[in-house]
């Protein structure tokens, strides 16, 4: 088995174990509640907490588009990171031209960032 | 190693699911998710073909998928922005309603 | 190997179906995340480590977040009452099934299916980087252009143009009850009856 | 600062029809006040604020006071039918003196650093005609204090931007700071009760038992 | 009762005792109060958490702002009628096991303000109080003392049997009714299940 | 001798794996890698809670917990027991499934992130070729968990907290990635093991840690700020901002689920701190070559403890930023600085062949200026047109 | 702050501007959401009730906030959760019996509350406290001011999320002053110390030395405190330009105390009314220029330094002598018919007592002019258009105590 | 420069952190149940009734005049008079309380009862460890629970108690002198009994 497959086996097993890791104490807590301390529900008890008042109005409200604007820019730069990381790994083995190429790549994106900055998108309102 | 067509069928199923969702759901966001799924199904195909291709060291499939991810991201950003803009205008994300409201 | 494949297939396809059919949009998005993760696992299985992790980073970390934002931004007020499927849903399902059938048929009929897998090659990130910066420099610049254009376009589309109403918000009521009138000390108010 | 007489004189000169009375205060504090009429209340307040010599720009304190109906006993001669014959009888007539609610404003000047000028407004009675002009448009510091007076005394301030109960809950009935307000009786149990409390509690418990 | 059953029971008893000890030890040493102050006593409550008195020594400095994560409600100050429903609701929203310390005269009985028309004459009319601290306001040391009293009380609680505390009892109510605002007073004026004062007979 | 102590755990693992039947050896090896992670880091969490409370106490001139067990060391045990036996309240209105899954969805990626972190020489669970990318990829999962927690609670505060959390984590993920790109550039690998190994060379007695270079220092500081923000630590604890939105996305969580969130947050803190150590502070390497005899894992955990203490210290000192300031810092300061830092790292690489006298000084000055000037400029522009300044005050007699 | 530029103050404030007389108050709700008939907000806004149980509402205060995203478009303060009927109880109690209740008004500043009440009754009954009593009053009042301001700064930082460290330091110093109060009056917080015509008991032996020591050590603490806070970029960023208030609006809204002075208005009752014997002391009144939260914070810090000056002076000069006006009596106190309004500069602003005597043993009308309540009037104005984080900071900078707001 | 203020603040907290180990005045915690701050002499919490001598019933100074009951602002004192009288410290017959209850769950520790008491009978205790889970049983203190000896008073408020004792002794001496004078006067010319002193 290759190194990578051993790694993936580790990841798969670890994924399961990591999911079990929080589940085991939760199950223990559930067992405890079952055998000793009964879960008791109530209208007020299981109501939404709002500083001691009864909650009013809808809590699933529409949000401001600012979040979305940040999201877009984040997405674009996240994709950029996907291209940047392979470049970075190969950086020392590449000629200066490649560096210039990636600089152009970055500059194009930075241009978008600067545009957004000028447009006031990066100003949290 | 599993035969290639296993992956291709999974990819086809994913594509069909995405297509069905995109065609049947009224909500524009879900439709977009469907399209996103179809793109991913294609990506799976690329990787599978590359892996079973004759020259895996050429990395064509990987490159294709990386660029495809970039394009898909751009598509998602613009698509969702469009949905938001439409929602702001028509106060709905329901494709049928948008359809009937236009004009 | 097969077991892994079957598990991954089930997870991916079931979550994909759920993502397409659940009523609650956020549930759909979360299922979609699971689909993406499953696909990433497929990539790993196919020895495309970098692509697999990139898939998670971009799709789970960014696209899913963006979808969730979009869902919270566009409140579907009556999603619980209305039907979630469009009236022509039957046509869509049938169409999708037809497409699926056609593809599967063509796959099974093709000769490729029996192509054997080649020896496991290590695809290092270094190789990807070198390829990217040599053979794929032009696409790289193009994708940068595309991303920039997409970003600007999406921002312009999504940007809520400040109307006069909301631009007045900056400092709204700080002086409302004290409009500027000349100093009463200098302007004696004798004009009142 | 001018004396209250001077201020009164100037008010009546500038604002025709305004009635201003001087309320003396005999105690050592020596803080007499001006009683102004309801119709010209806002106008007078505005004068006080804007007059360059006074410039009473700072309204410090707004107080509600309850003066309940009092019964004044008077001896009068009344014609009365006694056994068919109308005779003059010495009787004691209990005449009701109409109570009223009063709002007292303590106004200072920050510009000239003088004050206070004390201004009073009175309602006509305690039940119906409890309207007074709100001085909130002139001095915003009156906003919460007038709301409080509305809440606790029941004075309705016309022109107040947001007249709601402020201290008690919205469904509360009555105005607890009035002298005749009967408090809810929840002294059912007290370890150190005074006799009258105990008495009240007993009746309360009886009532609770019935309910 | 045969021998086997008895030994089985005693074995169980030992197990239960250990479990009970552990349970009580854990609860006792990790009492997180609700970050909730009402009036004057709240300042002394804050002073108790501060450097000189340092409630943290008992592991109780984790004042949680959300009732969902709190174990102890310190009713620190006057509960007015306008506030009482909120206090009861907050108490209801705390997960079991939960405790209440009535801190200061006002919280116990209305205290100096008990003659007021808007003052609740003691929070124990609506929710069960575990420890009362007299004083107006009690010194920080008094709150620490009350805290230790509470710890002793927790220590003495049984895990099973008829004397087990409220939260282990399935039949005990899950929550306490929140009073409503009436025209003059809260409705009902007290919760008869919680508030059971002894009949006071005055020998005059 | 020192070598043996250094490798004792590795040798132990090999020995135990050797006892397994051959077919089970891979799986046994996997479990022997997992168990230490699950044992050490949650234990570290428990220790951190008590150390944090005691340290904060000392900062605030008090003692902190000291009555439960010796020196109060059993306090976390009591807290854990209490959480375990606490009632679990899920609001009726909440999305029950998502509400249940959220803490698990937080814990799993955070734990997975530990798989690529080398805690000592030869002590790394897996050495992935794209290890760093893996770390960031799983890190992305925790954002969704936070969103799930806040959204499923149907509580206004938690929704506000969730939106704040996502916006914050999204904004600081970029600086996190971009500041580590510099390291990748000069090391030429995404493998965490290779990155640590690259820092093992010595200049005389000083090791070649990345933090000892201008781009490394800047990258380290940027990484640390982003790491604090990613793990919601003061002064970036805005999503939970107690004084504003109660407990943010955690408002409706009680009992052990709440404890799990706490655990997840601290594990996330350990993970990013470990990554910072790996990337910039030489991983398990000693700072000086003559100190290499101390076992590597001790170095690693020593550095990690120092990081934890630093975070506690920050928490005891600083107030919280506001949301807009936080976003401004991320997008208008951190992101440009990170991009500039990439250029600076390239400059450092391209000037590496300079041989003349004072070349090192020249390189330092050049790179330092390239990073310092934008720092001053961006830092000045950070607050926009309203310049913040110390003010003078008038006095009236 | 040692490097504060001291400029002579000629024009006390900018020309005042007033609203159009008679016009109803302009409620500019153009940014606010539309209200539907049942009072709920229409549209995509989040209605949040902050309080009554909220970590940073300083007690049982509630703000009904309408948010657009995180920006406040409407904010209504709701209080009365601590309405303890102080005025009603006082109208049924003897004059002396109300004195301990005044302690519980603003429970940080019982001494100044005592003084304000005693001052009003003294005016009503014509009593004159002897000189030693006046000195003691000034000493205790200034110590109270220190306690209040230092705690306020701590709480303000707590609201900004500083996890209690400044608050801990503040309370560390507060304890030292409370020790003084306890030694003097027997109680840490509820001193109930002043009486009509003087003070209840004389200073115990050694008290003055202890007080001097506390006062001597306080500047060092203030230096440390300012090191910790005043230059902190986060604090500056969070406070400068937040909640700015113009002098004209502040005066019109009856804002008093440090809030008013942070707007640049020179109005300190210790200077204006010269009550007690403040005339004899040499101190200055710090004034801000922007009226924002940072100015309020700094004005308080500077005020503490001025208070220390007064304290040093008073502790040095305090004469010996009686502490009660011989005319005063404890039982059977019945002032003449009349009314009075007396006020002092409390740490939070103008604290006044309005009393009407009908000649009986208890006041006919007893009214407290609470500075906290009136300072709250402009809360909404300061908060609109800002975000939630600013709201708590602005509220913190107003320095409310609910015992006083609701009474 | 950006960050300078933060570093200054961190130096300050670091100083306090280290100082809490090295400097005594920077670790101010008093570990309460084991360590206690000395109580201030003037500290007051709840009232108690002073008695002289050994027997609390005999020596109780309270004469049930009910002034404190009337003056108590929160009205937490309840007194009923006993029909039987007992001699006070001057030997004069006085009323005594049959019931004397103080509800500590109401008491606001204002000390007004002490101030208005003409007989130095009620004083403030310094006991504060009174927390209990028994609201009605433990917080309502009756006469017996309230009675404390004069020695206790001396122990908790020495200065004040000494003053009180001196004053009482002075009054007693004065009264005795007066009585002696009256006796002497009566012996000299038995005309009118002396006017009762209005005290």
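We call the chains A, B, C, D, E, F, G and H, going by the order they appear; numbering starts again at 1 in every chain.
Criterion: a contact is a pair of C-beta atoms (placed from the backbone, for glycine too) under 8 Å apart; a residue touches a chain by one contact, two chains touch by 3 or more.
Because the structure is predicted, anything quoted here is derived from the model rather than measured.
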item: Graph separation of chain E and chain H (steps between touching chains); value: 1
item: Farthest chain relative to chain G (centres taken as mean CA coordinates); value: B
item: Pair of chains whose C-beta contact count is the highest in the structure; value: B-C
item: Chain centre separation (chain C, chain D; CA means) in Å; value: 66
item: Approximate Å spacing (C-alpha centroids) for the pair chain A, chain F; value: 15
item: Centroid spacing, where centroids are CA-atom means, of chain A and chain B in whole angstrom; value: 21
item: Centre distance in Å when chain E and chain F are each reduced to the mean of their C-alpha atoms; value: 40
item: In chain A, residues with contacts to at least two other chains; value: 4, 11, 36-37, 40-41, 45, 47, 49-53, 57, 59-65, 67-68, 71-76, 78-79, 81-83, 85, 88-91, 93, 106, 125
item: Set of chain B residues in contact with two or more other chains; value: 66, 69-70, 73-74, 76-77, 80-81, 84
item: In chain F, residues with contacts to at least two other chains; value: 59-63, 83-89, 128-130, 133, 136, 156-157, 163, 166, 170, 173, 188-190, 242, 246, 251-252, 255, 316-318, 323-324
item: Complex interface listing, chain E residues touching chain F; value: 22-23, 25-30, 35, 50-52, 54, 56-59, 61, 64-66, 68-69, 71, 93, 95-97, 167
item: Residue ranges of chain E in contact with chain G within the complex; value: 34-40, 42-44, 46-47, 50-52, 65, 67, 77-78, 80, 82-83, 86, 90, 106, 112-113, 115-119, 136-137, 139
item: Complex interface listing, chain F residues touching chain G; value: 56, 59-62, 156-157, 160, 164, 234-235, 237-238, 241-246, 315-325, 383, 386, 388-397
item: Residues of chain E that touch chain H when the two form their complex; value: 51-54, 57, 101-102, 105, 108-115, 122, 124, 129-136, 138-139, 141-142, 144-146, 148-149, 153, 197-198, 202-204
item: Residue ranges of chain G in contact with chain H within the complex; value: 93-94, 96-101, 165, 169, 172, 175, 179, 182-187, 190, 192, 200-201, 204-205, 224, 227-236, 330-331
